[in-house]
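Quick one: structure below, then a few questions.
Naming follows writing order (A, B, C and D), and every chain is counted from residue 1.
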């Protein structure tokens, strides 16, 4: 599978007094990963909302392997491993760009909500199509 | 003037690698101060939004006097110093509950927006009334 | 097993434009849960660090069941399900206090690091003892 | 004076339920502005800490002119208007890259702390030199 890579630099505000990134902040980095994956495929997440859908997170898992430090550039890898149906599953690995070491591994699952009815729905077809095209499925 | 006091405990996520509270987080503590002031006067901020208004911040000033540390309880003091007209001005002092020392001083000014028109408006009268009553103005 | 309960109120800064709590912020609420559990047992987390240990998160899992809204009080339930050895496993459920509904379920696993050597270590015995006493194990 | 420009994209986590950037988050954007200014002058902030100094914020002022929206790229302008002595004063303007509109204006003042003594000190000379060279003062 293709592995999409996005970069993010650790800001001071992302650290805590352990002198590395606070555990909750990796979910923001995952967000940047999937956002840039979609953008590169011509479908910024903003457009999904404009089409009347939003994609809240329904499940998240993170394995913290090694601390990430202030001012490091991190590589957020994102892979969609299956054609989305009722959920979108995205696997993530975050590495230190300079040190190479794996910082965290994990995944995110997104639901699809119809903004009009505020009810869960299947992944919108235009989003499924973008993912199928990207992965040549 | 009456000084309203609210308490907030410094969480781990609020610190950074300087081992005290990150400078941007005091604006969250100011928010807690004004929110609790309004709640105690029978007007939770949520109700203001339900009435069709929201109150974005239009100006903020913070003087950092002393660091605040992880797990400290802070006292957020809030004073409304004048009857609001086009803006609501709130003076804040944050102190360490245990150590007494002043952590930050500053103020916040809020605008009032009519949610229907998305246009600035005068401070809603029901909010002015709550403040006048509290301060016996 | 005893279920420890801590309360946290959703602040404005915790919401995002979906108009409910941002997915990453529940890890801050989990932190409040385990912090208050330890405090009630006479062992504030701060004291653990003062003893020369820190407890970084090594794994986190969150299942998002229902959105939590601005200004809601949430109940963070925490249960330590086994005597800690190399890791501390804490199960969490977060509920809306007023609505009763489950917001998220999940768990956190903490490692123990010896601050002097910066190396992983077994859970410090004084912490194991506190947990055994609390759960009468 | 030279105006340094850095870019930052508004993430989902930076918004709140008013559907624009939460007021406290601009201080993170100011941080990115001054960090990149220093980096481009060969002095990453990290190196300042490695030299035994840190630069906590001692004063902040923000005037919120217009909301910034999810996924917008913002231009953070930074200008050091005077040779630093006991404080470093940095003026900031943040604009929407695409819309041109001014989002916030403000400033930050930094103190210098000697990490060994934990006492305030004059701005370290190597940092003064970098600023003088950049502005040809």
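We adopt the following convention: a contact is a pair of C-beta atoms (placed from the backbone, for glycine too) under 8 Å apart; a residue touches a chain by one contact, two chains touch by 3 or more.
Only a predicted model underlies this, so the values are computations on that prediction, with no experimental measurement involved.
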Practice prompt. Give a one-word verdict, same or different, on whether chain A and chain B use largely identical residue numbers at their interface, taking over half shared as same.
Written response: same
Discussion item. Of the pairs A-C and C-D, which shows more C-beta pairs in contact?
Written reply: A-C
Worksheet, complete the sentence: Top of the farthest list for chain D, CA-centroid basis, is C
Worksheet entry | CA centroid of chain A to CA centroid of chain C, Å | 24
Response to the item:
Per the C-alpha means, the centres of chain C and chain D lie apart by a whole-Å value of 34
Practice prompt. Note the residues in chain C that touch 2 or more other chains, in rising order.
Written response: 12-13, 20, 24, 27-28, 31, 70
Worksheet item: Where on chain C does chain B make contact in their complex?
Response: 11-13, 27-28, 31-32, 35, 44-46, 70-71
Worksheet item: If you look only at chain D, which of its residues touch chain C in the complex?
Response: 12-13, 15-17, 19-20, 22, 24, 70
Worksheet entry | Sites on chain A touched by chain C in the complex | 18, 20, 23-28, 31, 54, 56-64, 67
